[in-house]
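Each structure below is given as structure tokens.
The following pair of complexes shares a single chain, chain A, combined with chain B in the former and chain C in the latter.
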Partner chain A sequence: MNADVTIAAEAARKRKLRRQRRMRVGRHAILLAWAGVIVFPIFWMISTSFKDAGEWVAWPPHWLPHEPTLLNYAQIFAFGALDPTLSRQATEQAFTIWKGLGDAALVCTTASLLALLLGTFLAYAISRFSVGGKYFRHTILMIRMIPPIVVAISILIYYAIIIPYATTALLGVRISMFDTYVGLVLIYTVTTLPFVIWMMLTFIDEVPYTLEHAARLMGAGRIEVIRRIVLPLVASGMVVTFLFVFILNWAEFLLALTLTHPEVTTLTVLLNKFQSAAEGRLYGPQAAIGTIVTIPVVVMGLLIQKHLVKGFSFGTLRK
Partner chain B sequence: MTETSTSLPIPTRNADRRRRGFAQWLASERVFRVIPFLLVEGLFVLTILVPFALTIWISLLKWRANRPFETARFAGFENYEAVLSNDQFWLALGRTFYFAGVAVALELIIGFVLAMLVSRCARSRQFYTTIFLVPMMIVPIVVGYNFSMIYIDSGPLNQILAPFMEAFNIDPRIRWLSHPIAAQWAIIIADIWQWTSLTFLIFLSGFAALPRQLVNAARVMGASPWQTFWRIELPLLKPAIVIAVIIRSMEALKLFDPVVLLTFGGPGTSTQTVAYFLWEQVWVFNKFSFGAAASIVLLIVFSMLIFFAIYMLISQRRPVEGSAP
Partner chain C sequence: MAGIALKNLVKSFGTYTAVSGISLDIHDGEFLIMVGPSGCGKTTTLNMISGLETPTSGEISIAGRVVNDLEPGERGLGMVFQDLALFPHMTVFENIAFGLRVRKVPAAEIARRVAAAAETMHIKPLLSKLPKQCSGGESQRVALARTIVTNPTVFLMDEPLSSLDAKLRVDMRTELKRLHEQLKATFIYVTHDQAEAMTMADRIVVMSKGKIEQLGTPLEIYKHPLTQFVAGFFGTPTMNFIEGVVEIGATGARFRGAGLEQALPASVSVKLRGRDVVLGVRSEHVIIGGAAASAPGTARLLQPLGDATLVHFDAGEGKSLVAKVASNTELGPGLPLRFHFAPEHCHLFDAMSGQRQF
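Right after this comes the complex of A and B.
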């Protein structure tokens, strides 16, 4: 082989390698910069949750609390009135989050389970028998696309005015769905059903029909087939769907704000109440609540991270 | 419904046989087709359709919630006239589209670039994906809080920006939430921070699903990376782009949480989105029939968008269905 050609090829290879390395450095620089943008607000929240009142709005801002304190957490986890040693001038009351935590857990779990149950069966029916026509799976998404404020106004009129009037006239008892667990669970179930149906459809579509067919031929009943073949195969999908819907409900704000007032208080509504606190914004307790609310959802989200793609691909991104 | 009831087995005196008959009936295909469908459709009718019908009725009355319901009188299309001639409503609607347009465009660009860069990584892909997906899982209210802490006049954001601002002789204490234009951008930035993760996720799955043989074949035939990108990868990613646009713009048009958390629609009305405007009219000013009429108008505006979105989704899906066995 000619020496000149070898040298030229070697040089070209080196140039290529150098360019690749430069591109790799540039790529990581951009990605790390965005990672910094992502982490910064979260870091700030966690840092603030350990700051005492004087450090919340200091200039220049304290990136790490100079005197770390657990006071904010003591305030939000307090059961009754605060210990006098813990109370401060501006923030004397305890901001108990137990009620909000309990209500949110109750409403979100019930609504998610209900939606999962109904949605899975309908998804099975759609997948196997194309119930509701060819485009039913698309049209069902419409419900999700209606702006929630429109739903909130009509549901408010329905729950708070029409149902009480109707029940007073017909039964003689005034029953209001406004500010009740049943009312909130019902509306959460309906608004998350489209997502359950969509996600379960992608999972059920993947169960080969030949498998079911074989079981049917061997004499298994339809219920047996579902219990022994379909459900075990989509069980992990159901867990993913449940967690996803739970996160959606957990984060829901508008409907909870508008359809409940004093009685049922989910966490998001509770958080919003701090906004109008007479003493001004209480950044410390807010940050502590934010941290507490965020942790379970992020953990759940990271658990189902791999499957989230399916839920959002809406059936068009298949390999 | 009548169809299912006729398929019931003839009652016999034998309880055992009857039970078996019931189990058989329950297992029949007809029941499987009908029962879940009826249950879900019934729920939708009960909680979506009936309230909408009532909303239309309320929108034709003249009534405020601070007076008893019996005093309401029929008003015809008075409320609709009030809505259509209300400048604030149209301004809020326009502002919503402006926010959604700017935010979604930036989210798509950033998400696309990030997904492209991450998909070229080998070892660090898992690390970046995990970090980039975190904002999507954080409750929007908490995101609003985080940003309200960051945006305060003596907050960390102004501290970071201070050296750049001083270089241009601008007062480094930007009042993010009390200047009309800065407040609009404050909300857009919060939205971008949270939802770029979703577009990133969609594009990343799109890149992962690209058929490698095609890209490799193009490279072997001597296509430059630039050509491969424009001629092969981008057309193949079209479904992902359509989905990202549809999902994000439908969500962005609902913008409400950050407005309540960050600015309360202010200063003035410069950050009032249409959702916030309606919320204020109904829950603060008790103008129920006005709100009902406005929500019907809004629904009509949105239903066109929704039909367009569904049409796009179906037309994107069709080739996949055709190729499936």
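Right after this comes the complex of A and C.
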């Protein structure tokens, strides 16, 4: 009798274990399939960056390059006129990464720093003095709900028409913001400012008021309190915010495409220009640029991922 | 040298009035404690003295000089906060040195004065540590060292001991008293703990609802409370209160209420005849047994304190009272007893206003 019960219990336990194992296998199968969907384009990009022109759109597809080549990389990193050995028959234009890389680095760094500086002080004012009223901090992010395309055309009209005409009429000098570093830096600063304010608010809110009170009683002025107490305590938050905003700008395409040509060329815009009449899209060099551009983003992402959670936790993680 | 005068000080936040017109003279070198329940306006008053809050109206002067428009750092004050407010990103040394650094004191002088302050507070071994590596008591000493290093003439303290455990809190009281003797500066100390106020203060300000209820030495406040609120706030256990009326008869003044009759001292004014009053008497003045014991009661609960025992008993008509008796009492729960109050220790408060009548 007792033995029967034990055997039955044992069987039930085994059934349960089997069921748990089946569920675990099923769960992992789904996750693996999804990971495949996500990772495949990245794999394809890296693989293509090592293929020669003939293999880009070969059918059936060459999963891995049959004749691996560094030609794409040599081409995008070429200096000056393209070496005849690198020039493809069909490619009349030589495209290199340098102009795009330089412009993107300049515009993204300047705009991100500017947004960080302004946003940090704005966040301080909102946190400490409730500037803009009680709900302002929630209103800020709503700016991001406007689709960029709506902004892009209006800004284009301002940059290319209204500002040049207005300055000509009023100052006698034609100042155009279209296709300028200043123009692009400004619009990047403005579009990322809400993120900076939002993220810096969560960091500044965590600095206790009494620290500032204590410093002021010891004779420090307001600016000194910010410099010696608040900024050092939110420094790591500022680094995270900077990197986050930098990545946003680094990957921005629509505004750069609309507001520049041909002078200022960021990487995303440059990528789009990689096509020739004879060969169509130059997938190889594009894939090579894509691979190169992705590296800093991935590195930064890894560096800040722990802090990103904190920055976007909307203050719920606060002690 | 550094007395402080408050004149008709008012602070409102929107429609809420936190401090409604207080006037107070704080003597130079005094240890003054402001005490009252949460929301009574004591911290707001302290913050106005420090300059962290701007008064809605009224005047604050330090050492005879009106300071309403001075920045907090220009008032020559030192403050210890409830959460201590040590700068977490600086070492103990840098925390203490902060006030000197912003005043651009030369480095050699900073090192000397920080060392001296650390010496006074016995925290020399901690100087290179970060605040998070210090224990509660050590952090407390660091906060005090940081305050004394700039030689302020007035110290403001906002419940500085509330984050400590009970034993450490009692030790720190002694420490603060010692510091006060040594520095001879004016201490203004805010707390909601009446025991802290009784043990440390030269004078106590009792506040309630934004107003001063009473100002006096600890003993004055304990023995001669001006309002029922003050009488109830000080002392453990809380004073016994009984509602009733005053009768003046041929045998003198008597109190009658809650089924009790109690003789009052002959000096009770005739004007109180027929007045609705609240009689207050502390547990140590409720006498159980003895010749004069007239009223009957039933013991309910005994709380031995060691040196004495508290007896909670029913005094009829559902009135519960507390008496403090010798610890060798033979009373037990459910046993009958007889009691009376020592007439010279009875306090009478107006039933409506709570003001002391006798």
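Going forward, the second predicted complex is superposed on the first by the 280 of 319 C-alpha atoms of A that agree within 3 Å, B and C clash if a C-alpha of one lies under 4 Å from a C-alpha of the other, contacts with A are read in each partner's own complex, and residues count from 1 in each chain.
We adopt the following convention: contacts are C-beta pairs under 8 Å (C-beta built on N, C-alpha and C of every residue); 3 or more make two chains touch, one makes a residue touch a chain.
Bear in mind that the values here come from a model prediction, so they are computed numbers and not experimental data.
Chemist: Quick check on the chain A-based superposition: chain B and chain C, clash or fit?
Modeler: In the arrangement built by aligning on chain A, the partners chain C and chain B fit side by side.
Chemist: Can you tell me whether chain B or chain C touches more residues on chain A?
Modeler: B
Chemist: Scan A:L217 for contacts with chain B and chain C and give back first, second, both or neither.
Modeler: Second partner only, chain C.
Chemist: According to the stated criteria, A:A125 is in contact with first (chain B), second (chain C), both, or neither; which is it?
Modeler: A:A125: touches chain B, not chain C.
Chemist: Put down the vertex angle at chain A formed with chain B and chain C, C-alpha centres only, nearest 10°.
Modeler: With chain A as the vertex, chain B and chain C sit 80 degrees apart.
Chemist: If you stack the two complexes on chain A, which partner ends up touching A:L233: first (chain B), second (chain C), both, or neither?
Modeler: Only chain C is touched by A:L233; chain B is not.
Chemist: Determine, under the contact definition given at the top, whether A:V182 touches first (chain B), second (chain C), both, or neither.
Modeler: Touch partners of A:V182: none, neither chain B nor chain C.
Chemist: Is A:P60 contacted by the first partner chain B, the second partner chain C, both or neither?
Modeler: First partner only, chain B.
Chemist: Scan A:I146 for contacts with chain B and chain C and give back first, second, both or neither.
Modeler: first
Chemist: Just how close are chain B and chain C at their nearest CA atoms in the overlay, in Å?
Modeler: Scanning every C-alpha pair, the shortest chain B to chain C distance is 9 Å.
Chemist: Which residues form the common part of the chain A surface touched by chain B and by chain C?
Modeler: Looking at chain A, the two contact sets intersect at 221.
Chemist: Would you pull the chain A residues touching chain B in the complex into a rising list?
Modeler: For chain A paired with chain B, touching residues are 27-28, 30-31, 34-35, 37-42, 44-45, 48, 57-61, 63, 118-119, 121-122, 124-125, 128-129, 131-132, 135, 138-139, 141-158, 161-162, 165, 186-187, 189-190, 193, 197, 221-223, 247, 250-251, 253-254, 257-258, 267-268, 271-272, 275, 281, 283, 286-287, 290, 293-294, 297-298, 300-302, 305, 308-309, 312-319.
Chemist: Which part of chain C faces chain A closely enough to touch in the complex?
Modeler: Residues 50-52, 71-74, 77-79, 81-83, 85, 87-89, 98-99, 102-103, 146, 150.
Chemist: Under the stated contact criterion, what part of chain B meets chain A in this complex?
Modeler: Checking each residue of chain B against chain A gives 23-24, 26-29, 32-37, 39-40, 43-44, 47-48, 50-52, 54-55, 58, 69, 110, 113-114, 117-118, 120-121, 124, 128-143, 145-150, 152, 154-156, 159, 193, 197-198, 201-202, 204-206, 209, 239-240, 242-243, 247, 250, 253-254, 256-257, 260-261, 274-275, 278-279, 282-283, 288, 291-292, 295, 298-299, 302, 305-306, 309-310, 313-314, 316-317, 320.
Chemist: Chain C touches which residues of chain A in the complex?
Modeler: Listed in rising order, the residues of chain A that touch chain C are 208, 210-211, 213-221, 224, 228-229, 232-233.
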